[in-house]
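Naming follows writing order (A, B and C), and every chain is counted from residue 1.
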């Protein structure tokens, strides 16, 4: 764990120092987060749902990684699994390891896990209206985290809250400490959530569809804010979204998820310019473009995502894939390395010896 | 949406839905308490209907022979031949009286709720469909009615009509039905109104109207069926209250009049013999308790089953 | 907030107006009803009755006079008690009734809410089953039946507490009536609290609280209970109403010298003056308590407060 920074420094100085520490670690190519073979299942009366199936990925210090996929593909459950917040029952992490800054979170005691939540790992949830307690002031809700983990006095904590509110762009911060969530607009509420997530200067922020519930005009502001702040503090961000445009704009690397599996991963440029998996092609193709003269209909990927109970050993995308052949139905492809370093895809067709060059 | 419930909902996407009612019925059957409650409710209904046919004695029939055997005093269960549950202090067969009591309680339960529906649905429908001023006036009226404490109004009605012909009909039962129904319709009215108000704004109603479907048809074919669920729950959960009211009225002496006796009346009279003949009290007491519990379980189960969100317990 | 308060209090007026009209109307205007001709009294007595109860006036004037009296605090004469008016009866019995009601309310809340919380936190495990079982007994038993059971168990068998007819003399005599009166309410509050807590458990802000790394106790108390209790406050109104109107049954059963006992006796003896006056009195008490509950509700839910 990194050395605690003295509280006598100004917030900006403290930020600079932590960021330098983290950049240092990144340079030494240590990973902040290493997820290996993570599987989370939901045990329902209708069967066992394999929401997250054998997922593996890494995240470096200060890096922004996108987790992209359509509704129901398991990206939210993955994020919840990392901090063991999956509702149990009916969900359970059945296997795998989540090594965070050298510690396997899945083996930690409940007490140990709680110490990390909020302090080392921050969460930004999708709907700020329902994610904030309506009966407590926002000042209290932000300070709660601070007082829990940093042991500050009430006054010092609230001072820090004011500083955070300034940072996230809420005007007249000190006056608004005693206000309640319903007195803020949607965008402001999400800024409050961001303040909560950043309050103890975490190493990692899990942002689960942070802008989906907001107006389009506000979305850009919030994303910009997350981007700027994570750069400033050297915080790593796991950004979960179904919106490709957002991922393209903010992430260093991208994981594409489908039906509980990661089906492609790589640097953001590579994924968007040279994807090697039909699902990714479908996703990109379905993005409406101003210069698209081919047709005036929106393109969609036909069919629906599969039911995740009793999944057979086959490519999960094959029912909807235009290029599927027998191999796709017999055996699930593994994630294999493609032309560029760090670019992996899960597809027989595009692999070496496949039928798509 | 990444809410807790949302995560689970979407993880189960693409499941073929077998229709709202089938789903709900399935959920209901999985709820053991609701099933037990439902079975007992059906049992009570059956004995209410067939009670007089299977009762060995008429509830008003004094068995002098057996009564003499018991020296003119009540006798407990299994102590006197021909009277499995004993005799009360008038020489009447307890078992038969319990059956009659079942008929009374069940009829109170259902007829009172029928009155509730008769008043509540039209008022709620009118308020919800027309909205605006009609709604405001009706709702003010409803609120005022709601503010009048139920029991007081029921007692007032019972006392006022007690000595009239209307009040004496069916040994006072008719008055009880109406009095309870008149005080309990507010919840149903509000439910129906709420349903109509929210559904009225939906597009399919506008579409229907645009095509020229009449208002009444829209109401009966589209809107009211949606309200059936919550209304059924409200009615089922309103039955224990109705039974309680009836028992209270009997205890106070304004309610069912002799020679018929509801369970509440039996208890009220049995208190006097609490030490010598406790069964006079606890037998009808058990019957009331069983009715209250079973309807409550059933009502709770219905409510959970019709709730579209998945509940915590599977 | 202030406008909300004013509106709530102003609401009392139409309510009480309607209550008085309905009460008066039912008692006086029903053909064959209570006042339409006393049976078996001599002409002279009948004349006295007519004068005392103003039955010789046209009906609207009767009503106005009656309401006028009520507004001055005069609850009118009783039918059966020559030397006492309803005011006398109420003055004697009101403190007792108030005490009984308050204690029952406190017991109902103090036992019901924790019971519900325990049940919800121990969902589907033994605390849930136990608390649910207790609630079941509460709702399945009419208050007078519960009273009977309590008396049989604690007074007849165990002889720990005095039974029926002891009056209202000291804590010993308070226990059983208070328990009998509050039984049903304890169960209702417990069930409602449990349902509300279970709802709250699924809310997003609970997950946010957990993601902050707060301890279980902080999450439960600060985030769950606070929000779960808000809907529970909304049923406090009906709970109070039930307590007020249920108190007379218990008073009658136990012989507690409150106003309720007179009310029940009055029903049986056809003391219509008493019945009318006490109905209005009880209705007023319920309406007033509901306003208090509404104020409380506005106070604890910030969303209402700032609108």
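Remarks
By definition in this document, a residue touches a chain if its C-beta (ideal position, glycine included) is under 8 Å from a C-beta of that chain, and two chains touch if they have at least 3 such contacts.
Keep in mind that what you see is a predicted model, and the values were worked out from it rather than measured.
The greatest centre-to-centre gap from subunit C, using C-alpha centroids, is found for A. Just count the C-beta contacts per chain pair and the biggest one is B-C. The mean-CA centres of subunit A and subunit B are about 52 angstrom from one another, to the nearest whole unit. With centres defined as mean CA coordinates, subunit C is found 22 Å away from subunit B.
Residue positions of subunit C touching 2 or more other chains: 204, 207. Counting partner chains per residue, subunit A has residues 125, 127, 130 touching two or more of them.
Of all residues in subunit B, those touching 2 or more other chains are 3-4, listed in ascending order.
Considering their complex, residues 203-205, 207-215, 218, 222-223, 226-227, 230, 300-303, 306 of subunit C touch subunit A. Subunit C meets subunit B in the complex at residues 11, 14-15, 18-19, 22-23, 26-27, 30-34, 123-124, 136, 139-145, 148-149, 151-152, 156, 198, 201-202, 204, 207, 241, 244-246, 249, 252, 264, 267-268, 270, 272, 275, 279, 282-283, 286-287, 290. By the touch criterion stated above, subunit B contacts subunit C in their complex at residues 3-5, 140, 143-145, 147-153, 155-157, 159-161, 163-165, 240, 244, 247-248, 251-254, 264, 267-268, 271, 274-275, 278, 281, 285, 288-290, 292-293, 296, 311-313.
Residue ranges on subunit A touching subunit C, taken from their complex, read 83, 85, 114-119, 122-123, 125, 127, 130-136, 144-145, 148-149, 180, 182-183, 193, 196.
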